[in-house]
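Sharing a structure here in structure tokens format.
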Amino acid sequence: MNPGKKQAEMIREISGVNPLKCMKCGKCSATCPSYNEMDIKPHQFVSYVVNEDIESLINSKSLWKCLSCFACVERCPRDVKPGKLIDAARQMVVRKKGQDYLKADEIPELLDPELPQQLLVSAFRRYRR
Amino acid sequence: MQRIGVFVCHCGSNIAATVDVSKVAEMALMEPGVAHAEDYQYMCSEAGQAKIAAAIQEKGLTGIVVCSCSPRMHEATFRKAAERAGLNPYMVEIANIREHCSWIHKDMEEATKKAVILMRAAVAKVNLNTPLQAGESRVTKRALVIGGGIAGIQTALDIADAGYEVDIVEKTPSIGGRMSQLDKTFPTLDCSACILTPKMVEASAHEKITIYTYSEVEKVSGFVGDFTVDIRRKARSVDMNKCTGCGVCQEKCPSKKAPSEFNRGLNTRSAIYTPFAQAIPNVPVIDREACIKFRTGKCGVCSKVCQAGAIDYEQKDEIITEKYGAIVVATGFDTIKLDRYDEYAYSQSKDVITSLELERVMNAAGPTHGHLERLSDGKAPKEIVFIQCVGSRCADDRGKPYCSKICCMYTAKHAMLIRDKYPDVNVTVFYIDVRTPGKNFDEFYRRAVEQYGVNYIKGQVGKVIPKPDGKLLVQGSDLLDNRQILKEADMVVLATAIEPNPDVRKIATMLTASIDTNNFLTEAHAKLRPVESPTAGIFLSGVCQGPKDIPETVAQAGAAAVKAIGLLAKDKLMTNPCTAHSDELLCNGCSSCENVCPYGAITYEDKEVNDHGIRETRRIAVVNNALCQGCGACTVACPSGAMDLQGFSNRQIIAEVDAICR
Amino acid sequence: MKYSYYPGCTLRTKAKALDAYARASAAALGIELVEIEDWQCCGGVYPLGSDEIATKLSSVRALNEAKVKGQSLVTMCSACHHVIKRVNDDMKNVEDIRVRANNYMELDEPYAGETEVLHFLEILRDRVGFDELKKKVTNPLTGKKIGAYYGCLLLRPGRLLNFDDPENPKIMEDFIRAIGAEPVIYPYRNECCGGYISLKEKEMSKNMCEKIMESAEGFGVEMLTTACPLCLYNLNKSTGVKLPVVYFTELLAEALGVKEEIKEEVQAL
Amino acid sequence: MPLEKKEFKPKIVAFCCNWCSYAGADLAGSSRLTYPADVKIIRVPCSCRVNPMFILRAFEKGADGVIMCGCHPGDCHYSTGNYYARRRMTLLFSMLDYIGVESGRTRVEWVSAAEGVKFSETMNSFVEKIYSLGENVRLGDLRCKN
């Protein structure tokens, strides 16, 4: 099995999303508050999974720009949940050793006195294994 | 014991080349009950049929087996031949030794063996055949049309023009339906009222048509050709015979705050009202919830000003009972509620409206007298955004899974009309797909783009954001440009999904007409019987069957009328005798059969039975032969073996099985 | 009325005020919040992967403890609420997760989503009732124009959280009305503040919060209220328009006349 | 004298509904698409007329395989008949399986009136399967056999 196919299957499994339900309406991209920061746009996540090009998805900036705000999940008329797809790709990265997006030594300079614990815990969970 | 004649056809060489036909005939004579066997060149020819007739008469045959082509081809032919010779036509069975044997096998010995077995199976079956009589039932030559929109009006006119009495039952105070709310119609842009009102007048003036407005179907019983229907005529509080339609009562009515249904709640009406100026009948009704007289007991202005003395506060609902031979459902549609799509800010901004509301805004008789203006501040809009597929093509429970079909076209129409009348207004349409299958439809849409400069953007809108200055910010996708767009607009129009009239569930239940998961009525066959319900005598007209535009609705309304006329034209209905029947001694009244019957043909009766000398009253399944279509679902569902199917009885099929496995 | 209470990590540290005001208000309303023992942090975000088990166990532990006590589980923080409610839904409806989580937990009796998870706002709406709350207000916040900031976590996904209409919520507006103030609706109240993105992409979340603030101010909001410490943090970082942002429990305490009582306590935090 | 080993000629009963699969079989015939003569078709109005008893009876009388064909789900002439048939057959087949009748001896196929090719392919593959399974002994009535 080619690696792309295997990875695509993994993404489907982790996310529980069936990308074939997508009708390509673009409502996710119309909704996304991080749209302008993303190189691969939310509505494209689906095609990358369908086309089994997971490498590009894994290496995209978008992975780290998604806010998990669930706006796309809420508004998707086809129940595709692009946010879950991108999170699955993110999981695939951070589950590999040494691939954390947030390195331990960069944390101190990111802190400030008001910063709530919640922010650190959340970021840890999204960015690190 | 039967005296069976077996007739083996050569079909030229079609059969005879592969099957030893004389051998089959010879073997037939060895079967129990067979009194005669012969083979012939072409059994279906005049001469062949004559041979059958002669054998019936000469040999006193009580049953016939024809070994020939498929029964789908000539079963009817041979049954008629037998009937002409004085034999009950249902005593004839066919052994298909052409399509199922000679044509598919090459080895003569093998094919002949198989043909013999097929002959035996047919003989075994005929041994158990009983003469069947097609039943008869009467036909009441009157049709009921439920719903007085364009579908119902057209159906009623067509049936009435064929010379039959038709009653239209309409829930609202006037006929006209959704079409009366439309401003212009695609793809010709003619005024909706101009083409609809003449039809409304024609229907009301037609001597064969009776219109019951402000009325609802309350109860339906009976079956095809012989329905009995109770219609509730709601109290109008106005005497229809006395009212002259002068309109003074509406003018003087002090209660003017009820939302106008006709104008989709965009403005108000008086408590005594006709929905619109061209209403038929032109007799108002009193909305008792809004009327001061009914709420407080004081007022009575309408009664005082009515010269004709037509106001009747004491009027009560009235039930009328009528008999019909055919019923046409034409209950139409409404737009879905948008309360679960508030990302489009429909409930947050008055300037976000549905397309049907836009029809009223554009209409000269509408709340803005036809001026295109924002409903919040009355200002003329400069930027209008249309959003397609709001609630259509939706996989979750917020919307509808189907395409509403009409939206692409009416949006092109709206866009074009606006650009034509107000060239300085920019129009943008966010679409997922533009679907324009229909005569002159795509040309129409292209005209909106090419001649009128309507800006079509492929991509859905994610959110409509009301701004403090009253404008609307539309955040959408431009998928072809791969951009997220923020577009400022003065008005946003939502192409809202349509759904069947919510009342249709109740009506379908009364009619035992089946309904799909989207509440559309199911047709008897999706391709070949699109205007008939699976329930005999019930026909479908318009959007109650599925989304459609006006031309399609009118075409289907006509088709439904033809089917109804075809039924009404008969004096008597011959019923398929191959129906189910229950053995009253075996039936235990468990309702299993009733639950699987798709036609509602099974009911229960308390019947006195004589079970081996013991007389007692039992609940027993009774099949209505006029409704039963003979599928046999009930025969298998029956746990006690009481239910059986005539023509395909348990014993007959088992006899065939046995003959094949012998 | 006695409830199991899950404060969460931030209410023990940076958001002690959210907690203190909530407890004081609850007491004033006759609601007993019993903090569950040995609770662990919920993790802040709900693990979306369908194969994630370990990260959901702290929520299951809290849920089970409430179940053993036969109480509903109350949360104050939007994030905790989001995570625990969704994990509870998994335990109730996703067999795979239920079986595997129970295998880890080795509880006396398997946990299958029996506990009811409530946000404190839901208690105010569904148990106390806003009409009743209004009667108990001694110090109405009359004249104050307050904008509710919901953010994402309380509302979405709407079908799972079943908290309010995710596109046009009204629970916080009704709350604001009940305490005597005037709720102001503005369209960005359910748009994201940036959430955890503000740790590394500070500009992104700043831009988002500015949009929210601007929109709120434009519609006449004088003060924003939220249930989420992270939203409060991000909104306060906004550099453009600056509106005061307060926890809804602070407003509640003020309206119930208990804010002054614990003022010193809060200031000492 | 050694017993002569008879060549195995299976008995196969096919129940076909009048509206779709029987017409599909007719089309196979008029298109001259061959399938083994071991298959004998019994016409029923609808697949929902097929009582599981008929299938048991066939096995009892020595059938080696029974196949039931109906309209495609959603296309039933009587709207819902084939759904009932599908459920009943699923139940029956699971019971046959339990008794030890190989699951390959029974089959349900949806064949439309236009699918002559499918009908013949289905019959070919079914007959092949029955040949591979050999004679059915489990439900046969042994009393009359020599």
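In order of appearance the chains are A, B, C and D, and numbering begins at 1 in each one.
Operating definition for what follows: a contact is a pair of C-beta atoms (placed from the backbone, for glycine too) under 8 Å apart; a residue touches a chain by one contact, two chains touch by 3 or more.
Quantities reported herein were computed from a predicted structural model and do not represent experimental measurements.
By number of C-beta pairs in contact, A-B leads over the other of B-C and A-B.
One finds 51 Å separating the Cα centroids of subunit B and subunit C. For the pair subunit A and subunit B, the distance between C-alpha centroids works out to 47 Å. Here the CA centre of subunit C is 63 Å from the CA centre of subunit D.
Taken residue by residue, subunit A touches two or more other chains at 71, whereas all remaining positions touch fewer.
For subunit B, the set of residues that touch two or more other chains comprises 343, 396, 463. Each of residues 167, 191 in subunit C touches at least two other chains. Every pair of chains in contact is given here: A-B, A-C, B-C, B-D. Within the complex, the subunit A residues that touch subunit C are 13-16, 33-34, 37, 64-65, 67-71, 73-74, 83-84, 87-88, 91, 101-102, 110, 114-127. Subunit A makes touch with subunit B in their complex at residues 21, 23-32, 35-36, 41, 43, 71, 75, 77-79.
Per the touch definition, subunit D reaches subunit B in the complex via residues 11, 13, 18, 22-23, 25-26, 28-30, 32-35, 37, 40-46, 48-54, 57-58, 61-63, 74-75, 77-81, 84, 88, 120.
Within the complex formed with subunit C, the subunit B residues making contact are 339-343, 345, 347-348, 396-397, 463, 465-469. Against subunit A, in their complex, subunit B makes its touches with residues 343, 389, 393-396, 398-399, 432, 458-463, 475-477, 479, 482, 484-485.
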